[in-house]
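Order of writing sets the chain letters: A, B, C and D. Residues in each chain are counted from 1.
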Amino acid sequence: MNRKSKVAFSTADDNRDLGFGSVVARESRQRLLNRDGSFNVTRGGFGFWPSLNLYHTLITTSWLKFFAVVTSSYLVLNAIFAVAYSLCGPEALNGGGTELGILRTFFFSIQTFATIGYGHINPVGLVANVIVTFESLFGLLWLALATGLVFARFSRPTAKIAFSERAVIAPYRGITAFEFRIANERKNQIIELEAKVLFSHFIEEKGMRTRRFDLLSLERSKVSFFPLNWTVVHPIDGASPLSGRSEDNLRALEAEFLILLTGIDETFSQTVHARSSYRWDEIEWNAKFGSMYNQPLNNSELTIDMRRLHVIEKLRGK
Amino acid sequence: MNRKSKVAFSTADDNRDLGFGSVVARESRQRLLNRDGSFNVTRGGFGFWPSLNLYHTLITTSWLKFFAVVTSSYLVLNAIFAVAYSLCGPEALNGGGTELGILRTFFFSIQTFATIGYGHINPVGLVANVIVTFESLFGLLWLALATGLVFARFSRPTAKIAFSERAVIAPYRGITAFEFRIANERKNQIIELEAKVLFSHFIEEKGMRTRRFDLLSLERSKVSFFPLNWTVVHPIDGASPLSGRSEDNLRALEAEFLILLTGIDETFSQTVHARSSYRWDEIEWNAKFGSMYNQPLNNSELTIDMRRLHVIEKLRGK
Amino acid sequence: MNRKSKVAFSTADDNRDLGFGSVVARESRQRLLNRDGSFNVTRGGFGFWPSLNLYHTLITTSWLKFFAVVTSSYLVLNAIFAVAYSLCGPEALNGGGTELGILRTFFFSIQTFATIGYGHINPVGLVANVIVTFESLFGLLWLALATGLVFARFSRPTAKIAFSERAVIAPYRGITAFEFRIANERKNQIIELEAKVLFSHFIEEKGMRTRRFDLLSLERSKVSFFPLNWTVVHPIDGASPLSGRSEDNLRALEAEFLILLTGIDETFSQTVHARSSYRWDEIEWNAKFGSMYNQPLNNSELTIDMRRLHVIEKLRGK
Amino acid sequence: MNRKSKVAFSTADDNRDLGFGSVVARESRQRLLNRDGSFNVTRGGFGFWPSLNLYHTLITTSWLKFFAVVTSSYLVLNAIFAVAYSLCGPEALNGGGTELGILRTFFFSIQTFATIGYGHINPVGLVANVIVTFESLFGLLWLALATGLVFARFSRPTAKIAFSERAVIAPYRGITAFEFRIANERKNQIIELEAKVLFSHFIEEKGMRTRRFDLLSLERSKVSFFPLNWTVVHPIDGASPLSGRSEDNLRALEAEFLILLTGIDETFSQTVHARSSYRWDEIEWNAKFGSMYNQPLNNSELTIDMRRLHVIEKLRGK
């Protein structure tokens, strides 16, 4: 083998392979990417701790679930300390009356853990004071962890790109084009937004049905600003792997269009990524996207209406 | 269509399109970028929650407004808990005298929420203690959120570039040049600063008035350091789209110069972005920028006076 | 010397030198990289403070050790303040009973440092109150530092790549290939993963045994996604520095394969790095990696079993 | 002017200009960069608030000064609240004895601001309770700000590169070379380290003494790893602007070598920058750097001694 073939090895297909591996390419008939950008594959067989992965979960879960976990941990930790105080006997705590019964130690624990310390209940004797010492440390560290987690959640890239529900195959400068539309769902600004579209479909290779990936060329693959919306356009010219394909054809090929977006969230200058995919049955043929613009009055600010992101207008005839 | 045209599709105009979309290009007669770098367009039609976008607002608003929101939330939350204690009846809280009347529960709430807990007022009975339990949790989480937000505000890129109030068309090496001047308004150092200048103007295309964008070549498009000031210069040579234009001409074209700056804030090694624009009526013809330097005494440190950033000297004759 | 040689100087070997320096290259017979990616060299002779480097240690150590340090500092600081209160005499603190003896000041310190302040023990007189003033400040700053450290630990890139225990020399498209396998040990997604493999071995140069580094060409050097596992493959073609080498040969050369991975952790859009190395005695000859996939049922999600990452199947004959 | 000259404009000198501007280039005779990497120029004429720039100062100042500012603000804020309580008259606070006199309100303020709340002193009446309400809010926000600042300080890139005190002009492969040596002063790992060396000197241009910058080609401009030390080498071949220069010559030219380093701190995957400069009088002629290595025993770990970074060995003859 000569030097030239060596170079070929290191660069061939680099842009086309998605890293799913050959088994996925060959054996899975499922869509690869879900609409929300998550992968349709699962890793199993982790050990217990890596699977738990509490931190990653607490960072990426919803705020509702996050606060539920935080509240539960608060109550459970105080219940544990309440049991500890109870084990010291009734004389370990002074004051607080008797009407609370068994819960007296729990509320004292709350007053200690949260560092309130009203003092109408207070610890007596060595053991109770030692428990207070450690409970106060736990309380402070719990607060430090909660604060750290809250901020870790805040500091995640906040960009959220909305994709049109369906893609279209629309007339375009005498030919047709594969198009989908995106908009920024948040108030932040995204700049230097770049799109990559891959066309996944099955071919017969040596008698085996194998998935093949083609990078589709775009009318424009990058925009400097993204203040409103962007319609990403792949012109179906003679060189396009979509050239001459019909709707039935794409169904037979189990076609899937994988979308990868990269941009910069200006609020924190963070690079952000978004993914989605359109399957053959999520494409509208012979249609075009409707305008999202509110007709600007003379010299007034131009506006778009985000609710019209998904509006598709069916075209007559062909 | 052949392979060559495919490549052409994917790269054509990539540097010139700004991502405003064709409607903006055609129908809006407004300036595109405001002087402060914000976009002169608006997205509408978000759902309620995305519009609210409290987090983004709290991060990007002024410190004054931020503290106003924090203070309000503190008072309102305590008022809510005060009502809760009041609903438990006067025996739910012990102590604190009667002279405060209805406000006794509010001040007790403050002492609990802020985890002070003097104890001269303290909770009695199950319900009051349960409310204390949740108020203490709310207090801690409120602190965690406030701390997280404060830090999120701190961790935003702090660079602020000052642009000269007006740009000039000045004599330059036998020809003329479009020039504007920038300086770093903060004490941090910005390095690897890069400038991009786009010339937006209207042309007639197929009988339609359409906006056109031209990237202007710069004498120098990047500086490694930016310790003082930088005058960005576009020489108006024969290849420049400004070649042969007069002041009246630029007015007729509704000319706007869009400025994009990218650099690295050294304090946190963050990439920072700045934008601004000059319209045809913000350009001084036949003028040049005055010196910002204080004449250095022998062997003394060189200094510039930031107040002179905007100083323009009108030139006589033409 | 002419212009051309100048260019040669500035670019030659840039991809092959690893920055270990000539002495390491020549004199050390140790492996360069440990399996966990740490370097097999040590810097000494720092001053006391740079060596201490408490911050870096607290950020990178295990959570267990981190909490041990935090707890120790909490107890030690309170012990110091307890001594300070004791030095003020028994009248400096009011209340708390006598049954705690010398520990009364310690528990009062805890109640102050953690800002609990039950109040059944309280400070009397100027000196005790001044100590309380500073202890409260210390307590708040200790909490600020602990919170800052907790978050600094949270905000570190969390990616962890698992490498197969051994590499293999496996049959590959009519020739053989050097292969190893990696998988993502965490639940986060890594994208844009890139691999670099360097072959380090000793050669005789001017009668001196010197280490030489060769960059190995890969079948694929980058994958866009990394949802499951990736087998990195260097085909041993005629141009490969491994061409014609036997197991004995690699031992004689003290061969070591240095692996460098770079990718993007999607959770925080952080660039992450991983390193490892395989020595000649960590390579299995005439073997291949076993499948990690659970056979997917019709239309079910595809899964891999992480425990099979290290499974190697020996091949018969040669 | 034709298209070609346009291109020339936008790229000419981009690598050589440092952004100091022409006045600095012409009129300042001072060194441009100090040894610690700070610029030898000053911006003045800011308004009051931008000059104050408290945040940037609190982030970049030493820990000692930072804690001094934090402590002062704590004491001053409490003094202000103490005055407020005093203005309410002696009945506003209940308890605490009379022996503290005027300081009673100060210590009560501390107990409130730090949320200790022993309760042996407590607020009476509407005004005192309202002040407590706002003081508790101030205390919590003060803690949030302190925590935010502490973490902002922690999250700054921590890399610190040590430069050899002097550079050398040393024999190198039959010619000579300009060399300096660097090492990582911290325990973190820096990877992908890149060096840029600029040679600044004065030339006569149109009868004016003007500074000129030349980028020096390096034997190696980038190293993948930086576990020990790195000697950066510019070979003085025929194409070098140093070719044929003597020590007297460099003095006459007021030569200064500006060093720019960029790398990645692996702890947080942050890009880090370092700058320094060597003036003509900080270069040792006909000398070479001494070894920093401790002779490795057989099979033991290789070590370097950081204290030997600056060791230069004078060469005889020449």
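In the analysis below, contacts are C-beta pairs under 8 Å (C-beta built on N, C-alpha and C of every residue); 3 or more make two chains touch, one makes a residue touch a chain.
Just so you know, these numbers come straight off a predicted model, no measurement behind them.
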| item | value |
| --- | --- |
| Superposition rotation for subunit C onto subunit D, Cα-based, multiple of 5° | 90 |
| Longest centre-to-centre distance from subunit B, chain (CA-based) | C |
| Selected pair, greater C-beta contact count between A-C and A-D | A-C |
| Chain copies touching (subunit B, subunit D) - same or different residues, decided at half shared | different |
| For subunit A paired with subunit C, centre-to-centre distance based on mean C-alpha positions, whole Å | 26 |
| Approximate Å spacing (C-alpha centroids) for the pair subunit A, subunit D | 37 |
| Per-residue multi-chain contacts in subunit B, two or more chains | 111, 115-119, 143, 147, 151, 155 |
| Touch list for subunit A against partner subunit B, complex | 67, 70-71, 74-75, 78, 97, 99-100, 103, 107, 110-111, 113-120, 143, 146-147, 150-151, 153-155, 158, 183-189, 191, 193, 217-231, 235, 237-240, 264, 266-269, 291, 293-296, 298-308 |
| Touching residues on subunit B, where the partner in the complex is subunit A | 1-3, 5-7, 9-14, 17-21, 23-24, 27-30, 39-46, 50-51, 53, 55-57, 59-60, 94, 111-112, 115-119, 122-126, 129, 132-133, 136-137, 139-141, 143-145, 147-149, 151-152, 155-157, 260, 270-273 |
| In the complex, subunit A residues that touch subunit D | 115-119, 147, 151 |
